[in-house]
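Chains here go by letter, A, B, C and D, matching the order in which they are written, and residues are numbered from 1 within each.
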Amino acid sequence: MVDKKALYQAILEGDANQSKSLAEEAVKEGVDPKSLLDESMIPAMDEVGRLFESDEYFVPELLIAARAMRSALEVIKPLLAETGAKPVGSVAIGTVKGDLHDIGKNLVAAMLEGGGFEIVDLGVDADPALFVSAVKEKGVNVVALSALLTTTMPGMKKVIEELESAGVRGQTKVMVGGAPVTQRFAEEIGADGYSASATGAVALARQFIGAA
Amino acid sequence: MVDKKALYQAILEGDANQSKSLAEEAVKEGVDPKSLLDESMIPAMDEVGRLFESDEYFVPELLIAARAMRSALEVIKPLLAETGAKPVGSVAIGTVKGDLHDIGKNLVAAMLEGGGFEIVDLGVDADPALFVSAVKEKGVNVVALSALLTTTMPGMKKVIEELESAGVRGQTKVMVGGAPVTQRFAEEIGADGYSASATGAVALARQFIGAA
Amino acid sequence: MPGPVAKSPLSIQDLDQFIYGSTPNPVHCRRGVEIGTGTVVPEINFTLPPIEINESTWSEIQGIYRETIDSICQRAVALEVPSFLVEFETLPPMTVNPDWGVDITRILVETLDRYHDQYGLKGALRLTPNDNRDHERPPLMRRGRYWEKMVELFERGVAEGADMLAIESTGGKEVCDDALMTGDLKTVVFALGVLSPRDMEFLWKEMVRACGQGETIPSGDTACGFANTAMALADQNLISRVFAAIVRVLSVPRNLVAYEVGALGPSKDCAYEGPYVKAITGVPISMEGKTSACAHLTHMGNIAQAVCDCWSNESVQAVRLLSASAPIAYLEQLAYDCRLMNTASAHSSEDAIRLRDWLVESDASLDPQAYVLRPDVVLRISKEIVEEETPYGQVRRAAQCTFQELKRANENGLLHLPKREQKWLNRLEPVIQELPESEADLIEEMLPNLDRSRFLPEEYGLSV
Amino acid sequence: MPGPVAKSPLSIQDLDQFIYGSTPNPVHCRRGVEIGTGTVVPEINFTLPPIEINESTWSEIQGIYRETIDSICQRAVALEVPSFLVEFETLPPMTVNPDWGVDITRILVETLDRYHDQYGLKGALRLTPNDNRDHERPPLMRRGRYWEKMVELFERGVAEGADMLAIESTGGKEVCDDALMTGDLKTVVFALGVLSPRDMEFLWKEMVRACGQGETIPSGDTACGFANTAMALADQNLISRVFAAIVRVLSVPRNLVAYEVGALGPSKDCAYEGPYVKAITGVPISMEGKTSACAHLTHMGNIAQAVCDCWSNESVQAVRLLSASAPIAYLEQLAYDCRLMNTASAHSSEDAIRLRDWLVESDASLDPQAYVLRPDVVLRISKEIVEEETPYGQVRRAAQCTFQELKRANENGLLHLPKREQKWLNRLEPVIQELPESEADLIEEMLPNLDRSRFLPEEYGLSV
């Protein structure tokens, strides 16, 4: 019989090969995928989050754990779908027009993914239209905008305006971040939230979709 | 016969007793007051201004010279009025509501006075209504607003709004200044000008009334 | 009239003992913060960005204070700052409405407590209610609604757990302001030697009393409204620096009165006259210089550090810089300045003296206002000051010997004065020589000339 | 591939000669500005407050630059700053549209000229066009519109009279970014040891050529996009500081390539690896630390000063502080920092060394990123680096001996590492030991794994 503790441990330590093969084994043995998720995998990622928050893990440890989580998740996903379970939520993320700084954006994307979100990465220098179509066509719950330059910050407002004029502003939450961005700026441009850090962004996204 | 050079010198050196008695003497002798003004007194204040600008005079020297100017001016004013000459212009000055810092305001007032302006000093913590009535009733050409606190800066906008709603905004120029005030702020609130320094304020006031 | 200031001999007589971080009468606060016991402590002061203060913005304002103090404490932990002070200088509406001043005090105290509990961070709060008494003209110094609200904030700030109480008091400023602009030294002497000490005695007795109701330390005052006004005018080339330097030293006696009646230090950061206070009374002092360029530019950027016990940024608005909110950047800058000073003094007292002397030497010859902060000059003038028994006598003596110091320094090349400053040196000489020996004579001479719509002698206990 | 970097022996071999303000190969600019001849020179960098850059705002933007540089020069005169640098780092639209970059360059040159003529103020302009090549993905490093506009700005900036040309080049960053986040040291080594040096050679030959068309000094580069990214992530506790410290030293060899092909210094302020560059090549370096808290917080605030020749604020927006616009405040702060350093070194070289050592000691034990800037550590590691002949060999050797230095420092208590950092020390050891000796082997191993939608090997002269 599959060792749920071992799967937990494999994710915690970021061993993607191990987590994948343990998940496969479990599926083969007919273990309920929902219980695998709830009793091993999500608790493992929660523990990873705790270790990160308490300054014992750095981002690399967290990303590696998220990768191990993902490889197990891919195994059980088809079975989960049959049971009607759905992903936490989906986020379209990108740096706004004129802004080519992707490291912060990538970090937030990676951490959201580690937190169970599906990510639509629109890259850097992203046109407002891309965000609109992510909402319209992919039905993302959250739009996450990043800017590292004060000169590109106004681009955030443009995205919100385009969402409004496309009539989809109400279908998504908008969060903004990046070095020069402030809570007050977020409020001014009508964003739904602001986060000063990548971990804060995950918490905010969870809050948006009521999974806090 | 009166020595015009001596009057010039008395003002330059800030000797108010001397300038007054020289002016009285000249009047008694029937010297044309306009020529006294144009050939001795204004050139003396111009020279004072030059010495100040070139960092040879400090404010005290300048204020003392202005006082000497004033005492001579008082002597010849009645005669000037007969010839139809008018003062350079008049300025209502005050710190805005909530702001109790008067030294900067006093400095600007003193320098404007030295520059030949008539001053209506509304003091500190001045209600917008006071500025309105200075324009309406005393017909001042310029309203000068000072704020030293960022928290009282919005009071400048209020004065401008009250001038507008009283329908007298067009009859006066508004200039603003004080440590936290900037050119951009001045533009935002619809002031006509901003000066970073007391000397700049005089130049600006002159410009407003076309006497630059 | 304040009683005689019997401070002779000086608390610090030996130039080698006159050093940053250490002083004969240190101050101990809660949370383990010690001032003057060997290390220099950073003191961060921050204020609001441009925002109206009213009911509708109040919750936003509280949020700004909450967020800023939290980030400051976080950064202090990250930088392993050994201990630090936070100064909360109220804005006028927060004194007129003490509820607001108390709200912010509470936020700050709670945050310092929380970081102390969680991380062992040693922080202390200095509460500085602003002196609102000149918010009506003529100012009422001992009565009226402004005074009553100030006293209310003193008492409630103490109850709220502020570690220190301070003020930038303004007694005599209503007379001094114009005198600074017109270069009228005699009137400045009247303001600083006659009016201000009388007000200091009245005010500080009240502050000491309020502190006694709790565990708050009555800390110190500053001649901000006098000497810093002169400094700001001089820096804009509006008035003479020689004049401003003399005004600086003339502000010492008024400051001493606070310690006479029970203040314990540290003096206020913007009291550049602090070194005199330290030499004479031995209380620790807070100073500011290069790292307060956020609040005002200065010609005393390094020399101000020489004998400081707390090192401050004066005041910075919580505006966003590229890195972080400006108060966090300034805390960091102060922390590194202090690290350097404390590293040198940890080596040896000779090394501390070396660093002190470089700080001094780097500024002293360039501006008379810097020159009068030279530790040796401070000790020489202080020795003279304490020989006098009344504040007026001290101010008069301070004027005389500061003048002599500057004249001599100019002659022997220790101080470089441009021509127009030398003119002022000459111009001030007879004024100083002719200051009456008797305070009563000066009062008699001055009172009739002063405009009672702007100044009330009875508010200083002077009979008209 | 760049030719062998034959730098052995070090330009500075003696720890007592490794000091701020002086270096074997100083730089002389117009207007009498000298760098590295004995005094530290402040370098002020300012940028726009939040504002859109477009045709309609362009005249306002010019006004901001004009007003700011004028106020800076005024303050420099008032403070009697002996000489100073202004850095103009373009914003992306000013490089894409060189007309704009040229407009601002002209404003700055004209103002420096005017103040030099009127007041004898010694100022020099460093023009730093930003490296826009990664503004398309995958980046084109040697062709395409971004590259062409950069070259146009190099040439027109030289024609406009910029005194120095610099850059924060990004070759290899597209590979390095993710590797920093995942803690993948081998890929970082590939970026900094293989890609970046190839790009540096190509880019800097072009910059040196452009400078040759006028009187502009090809100054220096920085590993900003690599080591400072790591530093910023480490400061947010996102990645390990030990890792970031190693990345810092790994960025040295790429930087050396610029000086190999003709750059003369000073290096860029944000190149915290500068001390290595100075030790190896003898060119002057610009550094930033506590006084760049406006741009980013740091754990190297004091130690960064130890051997600097220019002392910079990194970058500050022209936002209003209580005193003045922030760039003026920061110029003042830098000026006082420099006064102190220059006062100590004017006394004696022993005193300069004392101050240097206090600056070092005050930070070195608290963070591995500070530790690797210790002048003695810099000399030891530099000696090893120059024994290698290729950038890759140098990077590999740098990794090995930086690791050994940190391990030893941790063991003997010279460096205080928390447990999770010690874990990273252990984690990195095998990765470093297993770095292939041959660059070709590493290339062969890495290339197949890299995503060509983000990285094109041919842009680095690598055949696929």
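Simple rule for what comes next: contacts are C-beta pairs under 8 Å (C-beta built on N, C-alpha and C of every residue); 3 or more make two chains touch, one makes a residue touch a chain.
Since we're looking at a predicted model, the values are computed, not measured.
Separating the CA-averaged centres of chain C and chain D is a span of 40 Å.
Measuring from the averaged C-alpha position of chain A to that of chain B gives a distance of 64 Å. The geometric centre of chain B is 52 Å away from that of chain D, both derived from CA atoms.
Multi-chain contact residues of chain A, defined as those touching 2 or more other chains: 150, 180. Each of residues 317, 320, 322-323 in chain C touches at least two other chains.
If touching chains are joined by edges, the resulting network of the protein chains shown has some other shape, matching none of path, cycle, star or complete graph. Contact between chains, as defined at the top, is found for A-C, A-D, B-C, B-D, C-D. Put simply, chain C touches chain B in their complex at residues 48-53, 91-93, 132, 134-135, 137, 177-178, 180-184, 229, 233, 236-240, 317, 420, 424.
Taken in their complex, chain C has these residues touching chain D: 47, 75, 78-80, 235, 289-291, 293-299, 301-302, 315-317, 319-324, 326, 328-330, 332-333, 335-337, 339-340, 342-344, 347, 351, 354-355, 358-359, 361-363, 366.
Remark: chain C residues 67, 320, 322-323 touch chain A in the complex.
On the side of chain A, the complex with chain D involves touching residues 55-61, 63-64, 98, 100, 102-103, 106-107, 110, 123-125, 149-151, 153-154, 180, 197-198. Listed in rising order, the residues of chain B touching chain D in the complex are 179-180, 182-183.
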